[in-house]
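In the two complexes that follow, subunit A is the common piece, with subunit B as its partner first and subunit C second.
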Partner chain A sequence: MNKHLKILKIFAGSSVSAQMEYRANFIVQMISSLVAFVGALLGLSVLFGDDAGLGGWSLLEAQVLVGVFLLLEGLTEVLVYPNVRKIAEMVRTGTMDFTLLKPIDSQFSVSSRNVNVFAFPNVLLGFGLMVYALIKLGNVSWTGILLSIPMLLSALTIIYCICFILITTAFWFVKVENIIELFWGFFRAGQFPITAFPAGGARILFTYIVPIAFITTVPAQALIGKISLESVLASLGIASVLFVASRLFWKFALKSYTSASS
Partner chain B sequence: MTLQTPLEPKPDKMSRSSLIWRKFKVLFQVWLAHMTAYRGEIIIWMLVGMVPLIMMGVWIGKAQANGGSQGGFDSADFAAYFIGTWLANQMTVVWIVWEMDFQIRQGTLSSKLLRPIHPIWEFFASHVTERFVRFPPVFALIGVAWWLAPKGTVLTPDLTHFLLFLLSITLAFLIRFTLSSIFGTLSFWTESSTALDELYYVLAIFLSGTFAPLEFFPKVVQDVVQYTPFPYIISYPVQILTGKLPDSRLLEVLGLQCLWVLAFGVLAAWLWKIGIKKYGAVGA
Partner chain C sequence: MIHVQDLQKHYTVSEKEAGFLGSLRAFVRPKTKVVKAVDGVSFDIAAGERVGFLGANGAGKTTTLKMLSGLLHPTGGSVQVAGFTPFQRKTDFLKKITLVMGQKQQLIWDLPAQDSFLVNQAIFEIGDLEFKATLKEFTEILELDGILKKQVRKLSLGERMKCELAAALLHRPKVLFLDEPTIGLDVNMQVRIREFIAEYNRRFEATVILTSHYMADVTALCERIIVVEKGQIVLDGGIDSLMQRAQNKIIKLEFSHLIPRAQLERYGTVQELDGLSAQILIPRAQASQVASRLLGELPIADVTIEDPPIESIIGEIMSEARVNQQNQRIDLEMMEAKP
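Here is the complex of A and B:
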């Protein structure tokens, strides 16, 4: 464990110093993040303009949810995305060999090699909105906050596993970098509570097939104290199953890896 | 020092115009073959642009919860609007800024400059041919969306409106293409050109009418966007498609679309002219 923490520190350090080469981009990206943030708030005000709420969520509750969405989107951009994107490239060019030769777990190594520090402001904006809306809501319970931590971790695990499983197909199909974009496409649905969608197809899709409901709706429900025991268990269950699946799939894929030149 | 494209040999038998015609024909044939080879990837990219369909779900849900309609739109109106928005977004996808950023930074633009045709036409050909490869799956998916949409959804009232939409969306594509070329030419000076295009995208989700029909935004936002290109890229073409734009405003909208194309085109050409000098100067 200690070894892994040390490695994490080295990985983070080297990837941060590499990105500092491109400082100018940071400013434009910051403006982009701020605009997206203002846009999200404007969007909420449009949807809630009539005070009728959305799928049983009040404006402030929906702001908590959008906060959760931005927080997780930011964390994905910082921690998950820069790594999974590289995996397909490593398989295609054969540099995966170097990773496999190293005496650390290969899934750990490919999943933690890079950090995108430039996306960190998104994490702060999301967290800020979440806390602000919670304070304005008032009646926040400690149970809710304590419960939200495992729910957020489980949401992040679900995101990581889906992306990781998708990109692992790179061992068989050559060009799959863009397959991750598909997940992003669906992920956008997470800025709305699952009950905002009309009953039927869309809700089933976002609960069972692409489990967006467990990524944002459930952690937000925990924070505002409207979560059911079934949701907690289902969230932890889905995250565990996906994690085991991602691990088994990775091991299976490695067996069919023959490097780029052979 | 300027980097000049070498002059083409004087055509002996062929007239100048037929030579140009032949160049473009070859260019488009090559790019069509290229894009057809990448059809799998094009379908993935097509599915990535889910935002209008997600918004369709949310607004229909909102209308249903509100007793059938919301701000003058019932479920069928929302369905028609957002299916149209999806189509408009698909038809105006542009990636020229990534292409230019890459080619200028890596220097691969140099070999393009040696060809007897301006590089911008090659970018243009790749976008236009891609659109033709994209058409069949886009219309298949629209069929599915229409089948799933609430009963009584009228995507377009008649053929005339659909044809006018095709004209308007072509102009919308040209606005987006010339605007993105402006960002692309900035790659001669900065590494942030792609970030600028992403900033455009974030703004466009709201201001072009992808998130909600513009009528739902505060009055001041509605007034201000009229002076920006955003509604001319998605909102107006979709209003023409669904027949919501009054006929009296049709010429005005199409005219303003032409003006935006012209303004951005001239600016992009000028930036290219001074940028390419700098590109030659760094010796790439």
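Here is the complex of A and C:
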């Protein structure tokens, strides 16, 4: 455990200093974060008009949800994205060989190698909006806030696992960077509370097939104190199952990599 | 240290005819064929040995190396390296070996090599004292001063290769797998890299297995050579014993006055005739006899009998093996053709 923490620190340090090499990139990222933020807020105000609710959510509650969405989107860009993108590249260029010959868990190593610090402003924006909307809402319970932490972690785990499983197909199809766009497309649906979607098709899709509901709706429900025990358990359950699945799939992919690549 | 018994690696590859129709046909009814990249290879390598793998592109060198290092799962046969089964990739095994590939790099592109070293230090759990001592030693032998603090992307190919080697050897592995470590380097740099590998082998009593296209790499560095051709070993022996396999000797002559070429050609194959000096190729068994005839019949000022350079001996053996394999295949096909 100690070894892994130390390695995490070194990975993060080297990844951050590698990015400091390209300063212009930072400014471009800042601008694009702001644009996304304003866009999301404008979208909300259009949807809510004066004070009509959306799927049982008030404007302020929905703003908490958008905050959660932006926060998780930011964390994904900081922690998950830069790594999964690299995995496909490593398979294509064959440098995965070096990773496999290091005395360290390969999934851990490929998943923690890079951090994209430039996307960090997104995290702050999301967090800021979340806190702002909560304060305006008033009567926030400590239980809700405490409960929101495991729910957010579980949401991040779900995002990581889905992206990781998708990118692992690179071992067979090699060029798969676009497969992440597929998930990204679904992920955008997380800007809206799950109850805002018509009952039936879309709601089932976003709850059971691509568990978007557990990525944004459930953590937001925890924050505003409207979460059910079933949701908490389901969120933790789905995250654990996906995590085990991602490990098994990775092992399976490695087996076919090491018996077929040249 | 290394024990390999009847090692095999077969790939199933899909075949496709050219053009759109060919693609369509392959899509509807995929045709596959089995390629035997490594086809029954056996050898033993003792600790501290320096062994060179030679062979044409696609002969199976890299595939063998990847099975030895644990990257590939053999189709058949067994491999033992330092008492481990490589493809299980146990931590204790991985700490004992290293793989350097001339065509792939592990250093972080945008950072100085030193940062990549620190990453490896953490992963291999190298103590600070040992790390510093090893780095100091490498800096000396490889002359890394001033290179370590520059971003890898700003280094020349040769400098980068030196850093790659250092990064791969920081944990002081006992078994080195080197796949074309000098590819693309100029002659000077090739020599430096070779010297470093030889020095490492001496200091740490490490086993070195090297593949290369450059015959000079292998002959300068390795005491033993394994030649692979179409997935099989066609030759395995010390450099000395290779010399014995040479079929010809070279006689070098200095004349006291000019000689017509035709006169010289009666004795053997004339490789070179340039003014007063000449070089002719004589079958090994007749070398001394021909030499004495030459002395008696021609105006000779000086004569020496030499072995041909090791490069041409290996070249000879490889082309011989190729012909043999082809003949065997033809035999087989003829047998199959008969009802």
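As a convention for this text, the second predicted complex is superposed on the first by the 257 of 262 C-alpha atoms of A that agree within 3 Å, B and C clash if a C-alpha of one lies under 4 Å from a C-alpha of the other, contacts with A are read in each partner's own complex, and residues count from 1 in each chain.
What we mean here is this: a contact is a pair of C-beta atoms (placed from the backbone, for glycine too) under 8 Å apart; a residue touches a chain by one contact, two chains touch by 3 or more.
None of these values were measured; they are calculated from a predicted model.
Chemist: Can A:184 be said to touch subunit B (first), subunit C (second), both, or neither?
Modeler: A:184: touches subunit B, not subunit C.
Chemist: Quick check for you: in the superposed arrangement, does A:230 touch first (subunit B), second (subunit C), both or neither?
Modeler: neither
Chemist: Using the touch criterion from the header, give the chain among subunit B and subunit C with more contacted residues in subunit A.
Modeler: Between subunit B and subunit C, B touches the greater number of residues in subunit A.
Chemist: Just subunit B (first), just subunit C (second), both, or neither: which does A:98 touch?
Modeler: A:98: touches subunit C, not subunit B.
Chemist: Quick check for you: in the superposed arrangement, does A:202 touch first (subunit B), second (subunit C), both or neither?
Modeler: In the superposed model, A:202 contacts subunit B only, not subunit C.
Chemist: According to the stated criteria, A:32 is in contact with first (subunit B), second (subunit C), both, or neither; which is it?
Modeler: first
Chemist: Indicate the residue numbers of subunit A shared between its subunit B interface and its subunit C interface, in ascending order.
Modeler: After superposing on chain A, subunit A residues 22 contact both subunit B and subunit C.
Chemist: Which residues of subunit C touch subunit A once you look at their complex with the stated criterion?
Modeler: That would be residues 11, 37, 62-63, 66, 69-73, 87, 89, 91-92, 94-95, 97-99, 101, 104-106, 108-111, 115-116, 118-120, 122-125, 151 of subunit C.
Chemist: Which positions of subunit A touch subunit C when the two form their complex?
Modeler: The contact residues of subunit A facing subunit C are 3, 6-7, 10-11, 14, 17-19, 21-22, 93-95, 97-98, 100-104, 109, 255, 258-262.
Chemist: Using the touch definition from the top, list the residues of subunit A that touch subunit B in their complex.
Modeler: 22, 24-25, 27-29, 31-32, 35-36, 39, 42-43, 45-47, 49-50, 52, 54-55, 175, 178-179, 181-182, 184-186, 188-189, 192, 195-198, 201-202
Chemist: Enumerate the contact residues on subunit B facing subunit A in the complex.
Modeler: 41, 44-45, 47-51, 54, 57-58, 60-62, 64-66, 70, 148, 190-192, 195-196, 198-199, 202-203, 205-206, 211-212, 216-218, 221
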